[in-house]
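Worksheet: one structure, shown below.
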Amino acid sequence: MPLVTIDDIPVEVPEGTTILEAARMIGGDIVPPAMCFHSKLKTSGGYCRTCIVKVEQGSAKDPRPMPKPVASCRTTVMDGMVVRNITSPENLEARAGVVEMLLINHPLDCPVCDQAGECHLQDLGYEHGKEATRYEFARREFEPTDIGDKIKLHMNRCILCYRCVKVADQITDGRCHGIINRGEVAEISTYIEKAIDNDFSGNVIDVCPVGALTDKTFRFKSRVWFTKPVDAHRDCTKCCGNVRLWYQGEEVLRVTARKDQWGEVEDNADGSTAWICNECRYDKKNTSDWTIEGPSKIDRHSVISANHYETSLRNIKADTLKMMGSVPHGVKVELGTGALDPNNLHK
Amino acid sequence: MSKKLLLKNDHIPNINQLAVYRQHGGYAVLENTLKNSNPENVLEEVKKSGLRGRGGAGFPTGLKWSFLARPEGVSRYLVCNADESEPGTFKDRYLMERIPHLLIEGMILSSFALGAKTSYIYIRGEYFYVARILEVAIAEAYAAGLLGKNIMGSGFDHDCYVQVGAGAYICGEETALLESLEGKRGNPRIKPPFPAVAGLYGCPTVVNNVETIAAVVPILELGGDEYAKIGIGKSTGTKLISASGHINKPGVYEIELGLPVEEFIYSEQYCGGIRGGRKLKAVVAGGSSVPILPTELILKTANGEPRLMSYESLGDGGFASGTMLGSGGFIVMDEDTSIVKNLYTFARFYHHESCGQCSPCREGTGWMEKIIHKILDGHGTMQDIDLLWDIQSKIEGKTICPLGEAAAWPVAAAIRHFRSEFESYVQNPENIKDIKHYYRLQN
Amino acid sequence: MTTSEQIVFSKESLEVVQKMMLRYPEGKHKSALIPVLHIAQAEFGGWLSAPVMDYVASVLKIQPIEVYEVASFYSMFNLKPVGKCLIEVCRTSSCWLCGAEDIIDHIENKLNIKVGETTADGMFTLKAVECLGSCGTAPMMQVGADYHENLTLSKVDALLEKFKSEDKQSRYC
């Protein structure tokens, strides 16, 4: 088995493992962020460039360094490979550059975005973003559109990760949305107005790393950190029926697939991916529809994590203010003391 | 220094026709090779010739061919990259238009060496009329038994087809080209796997530039060793140079590699000097992507050596004081030229041509264009120049394909060598309108 | 072409399309998409409407979105109607150095339209395009499949007159 060293930590991994997967086996801070890679989607990854790392030594056989940063999600480890992620200031600088690129046209509308709190771009911005933008031109803007009656598309927020396109290709039959146009104005679209009509179409919401594709049945219902995730299942004729219910009080506000610590859809016990059907997602919002398994295991550091609302919210508030302060185009939001305190929000 | 191998017959009337081409020795190399040689020998001769990819990257062709995977029972393909779109480059168009059979002969010879039963010539859509010329030539070749089954009784079967693109610079990148050839968007693939292992339709594929493939004909005619004697050092053979801009005689010139740049610009045999007797200001020597150099650095290296038209000499000094031979797109600018405005046309080009697949290029190319536009508009600041520098550094090397570098390098070089011009635009915006941006048309 | 039942390739075009599909290995007929879109654009009024693209999808037996994705990627495909005569003036480096902006200004004044616009009579559409590989014969413009090179203002005038009298759709193929 190849031995790879990432940020001075050695790990032995199976042949064919990517650098990102190897880093995830080690875990902790050295795991590169990934926006477009999704381990359950074939050929995903490589596009967003946030997971870039520096390969200091290619392999034991050929110790030369790789000339450019590589996408860790699409680069297979070699025996004796030496990789630097967070121990390379140069690499962190390069990643900050990528993050800046991803944000220059982003609307930074987290306060009104349903994805806030579970948004990978938000996390990335916190970890690598700068306090102010250096971009002074008008941002690219698209009108929000409906893709069918259950999915909202906010193209302004999209980072073109291709995950939703791959979901449609790989788990539904007959993809009807895709990426049209080219370059800076490329967009997710059905081109002519068309609903994505398919039992599994809702999974595009679960794989979207940002708030570009959101569940209309959950739209503006609550902030995710006020909802409580519970794992549940039902006998479903279409899908595995293993889901996550998001409660506010007694009410199920949202049903999603179960996601792991990397934000990727989990596997079922039999090893298949736990994609869920639209019936489970949209039409089963009563507790009586489900067999409850218990509270979901959520990463301790997530804003969603119980008992950490206080500190997390404080961070969010500080960071949101930081981000709002950098909005150059007219949106002015004043958040007073305690504005984001959950108790105040409900007043 | 006026050795001609590819264009030795370009002046002959109707050389585009098979009969005329054959009268002047055309397809003799093919016949001889099919009868008296074998694929291994052809590969060996190409290796010995030292031929390097003429599309821009300059990778040794023989080595590229030797990487081709040869699993049993799997088709192999040769794809000719005729998606010539690098600003300043028009040599492939000239070659295909004038002597289409030279390319076709090269295609058959190369396919023979690679064991490819099918080849495609992917030509940019705008060259539609050139595609027609190729189609006619291919039909002639089929009719004469030079393509199809059992070519010249050798037992070698080969089909060659022309495929048109539809307007996308990015399809000149070999994996984007293959995607496009498969009927998809021209998004570059993430490598590995390389085309030599999984290319067209997932099969082992070699993608070579038009000029590279055409050069196989004279290489086999002369023998690899003889070909390698032409040129200088590791820059063997001849190279087609597309000369344009403020020169007296723009056009396509075949030069022996190693020709002094100064001779190329000023000699009557080539560019014939600068229009109107003006002074030279700068040259982009190898197509829009390569660093622009001011007069003093294009004529002489930083060490004071005469700069030569070769991969090594043009690269001498690295990017600090050198550039690249690239595709041989040689754009000449006279003393009145606005380097900033010329850079703007490049930045606008790369912004337009970015496929949008990866973030640094998708977002960064547009950002750079906007800043340069702002400077040209008289609203630039000194910080903008530094920002521009920083943005290009954040794109370079961070993208899936080389378009990132292609977009970043011209910006970096313009600032590196002409920073004072940017600064004067910032400091004296009122003068910008008086700056003569380009050669005004008469009449 | 207003209704979808009218969107059918002529017999000749269909033959070309079918022959073209034989150029690719079995099951790889999607490779014909770009050439077929060129034929469709030439045959159905110089642009690709959604019904035309849907028709192309049905001919090649692929999903319509696969056609939209491709058609919208390549700059030679017009997704909106254009004038009968589509004038594309190159403006990148070498052409700019040799006066392309004069050519564009001149055509704009002459036709009283801006880049990207179509004349009221639907005759001309003017586009500024990126490098067409005619740098040594700059400035230049492409009209249909034809390259018009070493342009001068008077040459442009003569060409515009010629196009007007021809009154036929310019096409690449």
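We call the chains A, B and C, going by the order they appear; numbering starts again at 1 in every chain.
Basically, contacts are C-beta pairs under 8 Å (C-beta built on N, C-alpha and C of every residue); 3 or more make two chains touch, one makes a residue touch a chain.
As the structure is a prediction and not an experimental result, all values here were calculated from the model.
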Closest chain to the centre of mass proxy, which here is the mean CA position: B
Which two chains share the largest set of C-beta contact pairs: B-C
Rounded Å distance between chain A and chain C, as computed from the means of their C-alpha atoms: 40
Intercentroid distance (Cα basis), chain C paired with chain B, Å: 25
Residues within chain B bordering two or more other chains: 168, 185, 352-353, 355
Two or more partner chains touched - positions in chain A: 179, 181-182
Sites on chain C at which at least two other chains make contact: 66, 69, 73-75
Contact footprint of chain C on chain B as seen in their complex: 75, 84-90, 93, 118, 124-129, 132, 159, 161, 163-169, 180-186, 201, 242-246, 250-252, 284, 288, 329, 331, 333, 337, 341-342, 345-346, 348-349, 352-353, 355, 437-443
Chain A-touching residues of chain C, taken from the complex the two chains share: 50, 63-66, 68-69, 72-75
Interface residues, chain A side, partner chain C - complex: 174-182, 189-192
Contact set on chain C toward chain B in their complex: 23, 25, 28, 30-35, 37-38, 60, 62, 66, 69-70, 73-77, 91-94, 96-99, 101-103, 130-139, 142, 145-147, 152-154, 172-173
Chain B residues touching chain A - in the complex, by the definition given at the top: 168, 185, 190, 192, 351-360, 362-367, 370, 387, 393-394, 397-400
